[in-house]
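Here the structure is laid out as structure tokens; the discussion comes afterwards.
To keep things simple, chains are lettered A, B and C as they appear, and every chain counts its residues starting from 1.
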Amino acid sequence: MTIKLCTETFGMQEPDTLKTYIDNQGYQAWKDIINNQTPKSKVIEKIKDSGLRGKGGAGFLTGLKWSFIPLIDGQKYLVCNSDESEPGTCKDRDILRYNPHAIIEGMLIASYAIGASVGYNYLRGEFMDEQWKIFKQALSDAYKERLIGKNILSSNVTINLHALIGAGAYIVGEETAMLESIEGKRGMPRIKPPFPAIKGLYGKPTIINNTETLASIPKIMLNKSGWYKSLGIDNSEGVKMFCMSGHINNPGNFEVPLGIPFSELLNMAGGILNGKKIKAVIPGGSSVPVVKGDIMMQVNMDYDSISEAGSMLGSGGVIVMDESACMVSVLHRISRFYYSESCGQCTPCREGTGWLYKILTNIVSGHGTQNDLHQLERIATQIEGHCICALGDAAAMPVRSFLKNFWTEFEYYVDKKESMVS
Amino acid sequence: MSQEFKISKELASLIDNVVKKFPSNRKRSAVIESLLILQHDNHGYVTKDIIKALSNYLSVSEIDIYEVATFYTMINVAPVGKNVIAVCNNVSCMLRGSDEILTHIEQKLKIKVGESTSDNKFYLKDEIECLAACNGGPMMQINHKNYENLTLERVDKILEKFDDN
Amino acid sequence: MKVFIDNKEYNAKPDETIIELCDKIGVHIPRFCYHKHLSIVASCRMCLVDIEGVKYAQPACSTPLREDMRISTKSEKTKSAQKNSMEFLLINHPLDCPICDQGGECELQDVSLEHGDDHSKYMQFKRVVVDKDISPLISTDMTRCIHCSRCVRFGEEISNVKELGLLNRGEDMKIDVFIESGVTSELSGNMIDLCPVGALNNKPYRYKARTWDLKQICGISPHDCIGSNINYHTYNNKIVRAVPFENLAINQTWISDRDRFGYEGIYSNDRLDKTLIRENGKLVELDFDSVSSEVNNLIISNIKKHGRKEIGCLISGQSTSEELFLFQKIFKGLEISNIDHRTKERDFSYQKSFPIMPSLGCNIDDLHLYKNIILIGVNVKTEYPILSVRLNNATKGNSKIYSFNFSSLDENFPLYYKKVIDDNNIEPLLNTNDLGLDNGETLIILGPLISRLPNQSNILKKVHDFSLLIDAKVGFLAEFCNSTSGWLLGNLPHRNLGGSTSNIIGKNSYEMITEKLSTYIMYNLEPESDFFDKTLVEVALKSSECNIFFTSYITPMMEKYADIIIPITTFAETDGSYINIEGRYQVFQPVVQPSKDIHEGWSILNNISILNNFGDYTIDTIRNELEESLKKIDFSLSAIDIDSIDASNMVEDNVIDKFTRDTYDTDMIVRRSESLNKVSLSKHKPSIKNITNEPKNI
């Protein structure tokens, strides 16, 4: 059971063109707003009612976030977060290349609702060759139709949208680091509060939303109130794109109602590779805790169920591992990532991620000890909750959950100096 | 060795287009994209002279630009081979066998990650980030172009294509 | 707002952070990245504290207090959070304290003793960072860096010249420069103080002493009229280092590099340590016991021989107020009216209507209250680095700064308007329409370059008229640290102690030199560099009959032309006081003892005073009399009020060779600082742009 929101044009002929988008009711919601001069508060109200939760990782209620924008006049900004770099996540990339106009329309509606006259879509540097070009083309087509720019459709509304490109830094996906990056600086997260809605880009009120979040907006606006909500379940309203990767037969993006059983999702992705047994799942991008396969098979894909299973829905990057996966090596690889991506400002993250990685390197090269395992546990606990942004936690959570769920496998590795699965 | 670098008219107009995206007193915002533009024009890396020239052009201090250039992994401050190969070996790709792909390329090109081939044709980037193509793993980027669902044979074929140019 | 720290109730101001309150009430919280004059980054995580009801310990430096917040600075949770941060910091920190100059005053060492664990569980390799030569004043051991970023923020926020940056990221992050020797800011030494570990060190001080062997004595800057407070550190009766002494009204927690390294000049090779007298054309040593009578005899006999009008008395504005007091006491007492301290000037037509003393016109701490600050003939960045901190701060508020100079000079704060002017024609600069002044108070500040011009009177008049037109105050920055006392205490040809007008108007310094007198008495002056024109001084000294020098250094001209040269103490070896440009009177004690045959300048002058029955003073009685005379001064007269200038007295000469005052050439002592000379040599024009608002006119 898939629902086509962000993925509507996927698989069509020339999915990224303005024509295809318009043929599928594209820009209708935006034109309605412009023509009816819909009050901003009404737009925000509708998004609030829909229950839409941010798809970037934290699952924060989008309408609520928008309502934090001060009502006073003055420059405000909208930022679309297309930095997609959480390992296991590859949904925004497909929206960018197959349905760019949905993002643009979503950005327009969001800008309108919060009173921003300028919006930026920040794409990660690695999207330079394909997604960036497509998105820029889409922007320029929409400009030509006067859907963006000065005096949009002769309405006196002015909203300019620009495409920006990053240059390789996972941390820039963190919203305040992204603002720093847009300001032309190192991508180092800021201290919160003040939150971006109060003091964001160039010190002005700013809303940052994920690509998928914004691409969902047009359809929500176009449909009746209650429609989006009805697709999902309580507290996990609507739909979500899940990026299925790892040991499965049919990796891909699946846009499904929130709350569907994981097993069903796994089926859609063709089941486990070569009919092997499922061992573990990281359900929301590499920074969330790992869950044992058999437990995961009982879990539904919604915020609460996954949280009960001890993990998080996160960005929707579902990494599936079968019995051949060596948990020590997987954790080693994950911790290498956070070690290399720490921006370096917070002491626990800068020094701690390196320490974790070095210990794990020791272990996989056969020099680990039992004590090392306890050290890993201890260091992770010391990092957790003690940093400016969540990268520190993102580095700590996998370590703690891998150890907790697969302790014997780690013990085996340090005792036998080799992996339990090889 | 260092001849003073001048930003050419063509490059300047590209940079001007970047500057235009931002409020008029926020030229610094253009630093990252400008570095990518200048790097593209200079065999894939920026020199201190280039940074100096950009510093003058945007009225941003050299050290501010240097900070940015060293923070972001896609900006190189040292020479690299002509074609940049980045093999994703983060979790999802690793589960699909990216380590084998990487080892294969290392052996084939006789270099390790982080090195360029002696003929400077290839630079094998130490790609630690996930390249957001998890459903196409194992995958790699060559000059930012994606090659997905790789097998050893496909890799050989793809690399061959770079023989002609 | 009521809050509780360690179960005690306190009243907190809105927006006050936990660390601010704790610092105020004396509850110690360890910190590395936090500094009260820098922005908050909350990155070192050393200040984590336990807040009731909050799951994780929070940084005290960035967490604002809330009503009824309860903070435990000593609970288990606080302690373990801090211990953990410490452990992380020490992972990559070398344990080389025994060979580190910071040892004994290292915040890391202190904090780790108090909050750290006794041993580390870290067994991996430590990071090593290759060092670069960043400046002649700062040595680096970057492997010790703990990435608190204080030095970087100092460049971004205080000196406003960003020279150090944070390169790379994560564990590879390092502090570095863009180019070798790239640190050239006039305030760079402050980064040494800011660095909580031994990564940035005082290069000249390197390995000179261990901190626990040092004695500390506070002094006042002898190098500019701002009056920064400085702590001198001595070892075996020798100054080995200078650091700021916090004075929030003046220098806050900063000092300029000139103030930090200038003291080296007192150990120069040409320091004079014996009295020399000329006998048969040769300079020979004179026993100290006969110095005063010998000098006095020379003075008295020359008065008798040529008359009082043939005696010229010149004293430097770098002398202490006590010296300046006794100097005029003696010579005015001897009814000599050729007295002056303004040795760099040549046009004095303005003097009659000049205020009681040059004054900034406001407190340093109040500069930011002016909407418009118009700088004329001054490069604050190089001449008064400490003031640039204040002006930079003012621009972050509501102040606009305008700069007029004779050549294009960069400032390290944003200029709203910048123009190069011609000293012969300054009319165009005084065009209000062009300036775009904001409504609100305006302050015009004139630098000493103006006072050196051959037509300074004319310019003062025009600026005065202009100030009336735009309703602005006029302030001055002076040539020397104590030029103010030179004026107030009557070391002038036309005014006496306390500013009263003299009956007889004597010759000013220009007239004394150009009219070739028979006797010159020069106190604390270097004939080669402290006058408006070196060649004219040489002509004068050559043609005169008797030249008496009181000086700390012997120079070639002295060797050639002196009849007697008396060694005197420098600022560091004497009791003294200076009056800064705000009118703030600050006293100081000797930091070190001079060598055996050098005596305190004031005591030598006192001996001459005794010989002439002008009184026998102690440092206290001088100060009493001095303070008494200052009390009578009507400071409301300190506004400039020039009705007309006596144009007949104006000097016609255009031999201005330069329009800049070199930072490290401002006085005799600085000129002799070895380290600062190295900086002057290594200085290349920094290409860093600081002007955020493009200046309208250049």
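Everything that follows uses one rule, which is that contacts are C-beta pairs under 8 Å (C-beta built on N, C-alpha and C of every residue); 3 or more make two chains touch, one makes a residue touch a chain.
What you see is a predicted model; the values in this text were computed from it and never measured.
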Selected pair, greater C-beta contact count between B-C and A-C: A-C
Maximum centroid distance from subunit B, chain identifier (CA atoms): C
Between subunit B and subunit A, distance of the C-alpha-averaged centres to the nearest whole Å: 24
Subunit A and subunit C: spacing of chain centres that average the CA atoms, whole Å: 55
Centroid distance [mean C-alpha coordinates] between subunit C and subunit B, Å: 49
Shared interface positions of subunit A, touching two or more other chains: 169, 186, 340-341, 343
Sites on subunit B at which at least two other chains make contact: 60, 64, 67, 71
Two or more partner chains touched - positions in subunit C: 166, 168-169
Subunit A-facing residues of subunit B, complex: 21, 23, 26-33, 35-36, 60, 64, 67-68, 71-75, 86, 89-92, 94-96, 128-137, 141, 143-146
Subunit A-touching residues of subunit C, taken from the complex the two chains share: 40-46, 48, 55-57, 62, 81, 84-85, 87-89, 91-92, 121-122, 124-125, 146-147, 149, 166, 168-173
Of subunit A, residues touching subunit C in the complex: 169, 171, 186, 191, 339-348, 350-355, 358-359, 362, 375, 382, 384-388
Residues of subunit A defined as touching subunit B within the complex: 84-90, 92-93, 120, 124-130, 162, 164-170, 181-187, 202, 243-247, 251-253, 282, 286, 317, 319, 321, 325, 329-330, 333-334, 336-337, 340-341, 343
List of subunit C residues in touch with subunit B within their complex: 162-169, 177-179, 182, 687-694
